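We call the chains A, B and C, going by the order they appear; numbering starts again at 1 in every chain.
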């Protein structure tokens, strides 16, 4: 992959009056990467995107694109192109005029523009649709026109602000693949904003998880999923079961947690917190539903949990068991359906087993609300 | 009859009364433009004539007034649409705490009486003029400038309301998208915002021109040496009315209806095209869109064509038609009528005299002409002396005469003189 | 505020931002605020010939306001009965015209707002067309109708109801009809706009619950249409109180409108400060009246013009 233009955020603060929208963000996005900001709505991820595209001035800190400080450079002078959440296709212009708007600004002739539009329309698989109006296109088609319009400006960095959120599920999943393909074909840096962890995980090279203006963790999808560094990251990305407690003992990179309800449990300390977590600290332990399995009832040990089954669900590819958990939250166990026989456990006590490497300890913190 | 039916009938009766009130005066006024008497009236119908249109076009003051109105109108449209647009854009992005105050201020001119606006404009610019040490002939005390400024003060508020309604449906991210694609602010404004706003700007412009054209209250204080059409009309109407004004009114009504129909036909046509595009296949779009015939399913367009044919017929026949014979006929008839009355009167007198000789009293009351008889005494003096004026023109000055009986009106009638002016 | 300004220029660009700000400032300050203040200031000054303006005699005085109440100094009467009567009559008549228009226009606004069909567009067009005709010409049309040999008198006398022509002009019938006529549209459109957005199901529901038609209007439609009604009433009241053309053309010889007094002060007496004082009195009284009524019916200023 060609080395595209990187984007750096240095000590970036953005305030609106007393409200801090972005707090001391430091991000280093490599050229040619597909980079996602993942977080719930209102966490400041769109604000970061607007600061990168130039619609907002940072209160403090810098935005660097390709190593150049963008301070004082307006959105129309930056080598970025933004795909808006609502796409912002110009409703009165035909599709080909929309796509080549950036060329019109530069004074290109209609013939050149027409030619370029046809090329891009071929690329986005909408050949011959140039004379339609945006209102005459379907949602997915509009989506692709917006991408073509942004690409026509030949930006070094393409910024995407939740562009798939208006589409239905099927189309969304299809567009994920398509976006990733386009990114790999053109080889420029994509910065993608989403609250959908599925989108972030499937498309991104790297992900930044954001919460209330703060970047909690930056890493590739596997790291974020398997080795979260905060309680928020652990609970926001994918489903997770939480066990609250205190650190009672530290053994190298592992720890014993005396949990409020399930006794003393053994787990791995997440990489970012190794050496930082102390005995006596409030901590949270996370185990994914698929990392739990059924053990013979009554088995004892520091990687066994006993629980009362509330109810069960059959979801096709998995059996889900919901048990009474810790701190009001249920513990969910997913058992893959491999055609085995499965007993109904409703109302019974069961014992759950996990691998210590799959249980992650982080300092106690705010959880993502469902 | 069941209650539902009663309600339905009363709705239709109400609608009929409503539109009679709304349109009746205009129709009657228009009709008087084609009747020959010198005072605008519909009854009795004497002769169909087109002379009042000729009189209108020979009236220098009216023509000059139209010219001034157009000048003022153009200035006002430019000023109030641009101020209204700026005001509307500002409203969408002003500091929220200031918004209510700001809105109150820019909406206030609609509610301030036009008289007050006229006076304040006059007083303020007169003061500025004096502060700058300019003479009475500077452009600041020029009627054209003052009228445009005075009218724009409140017309801009109307424009602002029209524009803000459209602007609220504008997606601000479109401007951002244009900037993001490399456009300057001016380019984004011109290529994205303006095309979107264009329909509203056009209607604001039309509204501004019409409001300016018909404005009287403000202009009456500021016009100076540039009396607009409305000012000229007001002068004429206050000091005596002629069917030439009806002729002008008829033309304005006809033009209004014409443009309303053009607009309506156009809207319908666009809707039909949009409908056709929606059904069109990709191939049709790439090649040619078959626009449905201008007339099919478009009643406004049909009405428009009927109106045009009608106008052409009327104008054509007006060229060929001469009402002189009819007018002469009417005059002859009137003369005969008058003679008959005089004869009757004589007979009556003779009879009275005969009766009087027999029994006394009562003669005086009997000889008084019936008050309901409008063409009473006037006719006795009028037809021979005043050409073309009819016997009832005394109404022209009801405010002067106190509108009592129509008897002697003709002799003192200002209209008798006015007819010569025309 | 500088922060706000900086953001404003960032958002609109320096050139477009300056043009926009310049236009708005010119309009708001140069055309709206300063002229009104200037007129207020002027109304407190004596009427002086131009060379003496700014001279030693140019001091603030209440003379112009006193004149409205007490009449000319040394006058025969204690109060300026004529002008005060005209003022009072103008306000009362404007209120009556407003109420008449409301009663007359509400049904059609409701009908247009809640009925569907092609004929509604035609009705709307028929409503707008008279409004595009010159104000003077509309008054002129009514004068033709109400004249002594106008259509009404011809009908009334011809059918034998009256045996002499009725003087509609002297009796102010023509004037009130003309004022009502002039502002019909300003009453209809605000009400129509609101009623059009009223969900017809609400009315159906009320009917379904057995409410008679007048109660549906009283409890459902009118409360909903309140912003439009107040907007329409405010405009009609302010405009009819400030009307000049209709009273000049349709008014009887003895009945003046307050704006005509202002006009006389300006054009016939050349007493600008006096005219300005009368204008201020009219403006302030009207605004206070409107605000009082709006407070009474709990309506916001922001609803006006919607």
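Here, a residue touches a chain if its C-beta (ideal position, glycine included) is under 8 Å from a C-beta of that chain, and two chains touch if they have at least 3 such contacts.
None of the values given here were measured: they were computed from a predicted structure.
Trainee: Report back the single chain whose CA centre is most distant from the CA centre of subunit B.
Mentor: A
Trainee: Measuring from the mean of all protein Cα atoms shown, which chain centre lies nearest?
Mentor: Here the chain at the core of the arrangement is C.
Trainee: In whole angstrom, how far does the Cα centroid of subunit A sit from the Cα centroid of subunit C?
Mentor: About 60 Å separates the centre of subunit A from that of subunit C.
Trainee: How many Å are there between the centre of subunit B and the centre of subunit C, using C-alpha atoms for each centre?
Mentor: Centre-to-centre distance between subunit B and subunit C: 19 Å.
Trainee: Go ahead and note the Å separation of the Cα centroids belonging to subunit A and subunit B.
Mentor: 65
Trainee: Would you pick out the residues of subunit A that each touch at least 2 other chains?
Mentor: As it turns out, subunit A has residues touching two or more other chains at 74.
Trainee: What parts of subunit C, by residue number, touch at least two of the other chains?
Mentor: none
Trainee: Residue numbers in subunit B touching 2 or more other chains?
Mentor: Within subunit B, the residues that touch at least two other chains are 184.
Trainee: Which residues of subunit B touch subunit C in the complex?
Mentor: Listed in rising order, the residues are 7, 11, 14-15, 18-19, 21-26, 28-29, 32, 39-43, 82-83, 86-87, 89-90, 93, 95, 100, 102-117, 119-125, 127, 130, 149, 152-153, 156-157, 161, 184-186, 189, 210, 213-217, 220-221, 229-230, 233-234, 237-238, 241, 245-246, 248-249, 252-253, 256-257, 260, 264, 371-372, 374, 392, 394-395, 398-400, 402-403, 405-406.
Trainee: Going by the contact rule set out above, which residues of subunit C touch subunit B in the complex?
Mentor: 4, 8, 11-17, 19-21, 23-24, 26-28, 31-36, 38-39, 42, 50, 53, 104, 107-108, 111, 121, 123, 125-130, 132-145, 147-151, 154, 157, 163-165, 167, 169-170, 181, 184, 213, 234-235, 238-239, 241-245, 248-249, 252-253, 259, 262-263, 266, 272, 275-276, 279-280, 282-283, 286-287, 290, 301-302, 304-305
Trainee: Touching subunit B in the complex: which residues of subunit A?
Mentor: 53-55, 74-77, 80-82, 84, 86, 88, 90-92, 101-102, 104-106, 128-133, 136, 149-150, 153
Trainee: Along subunit B, where are the residues that touch subunit A in the complex?
Mentor: Going through subunit B, the ones touching subunit A are 171, 173-174, 176-184, 187, 191-192, 195-196, 277-278, 282-283, 285-286.
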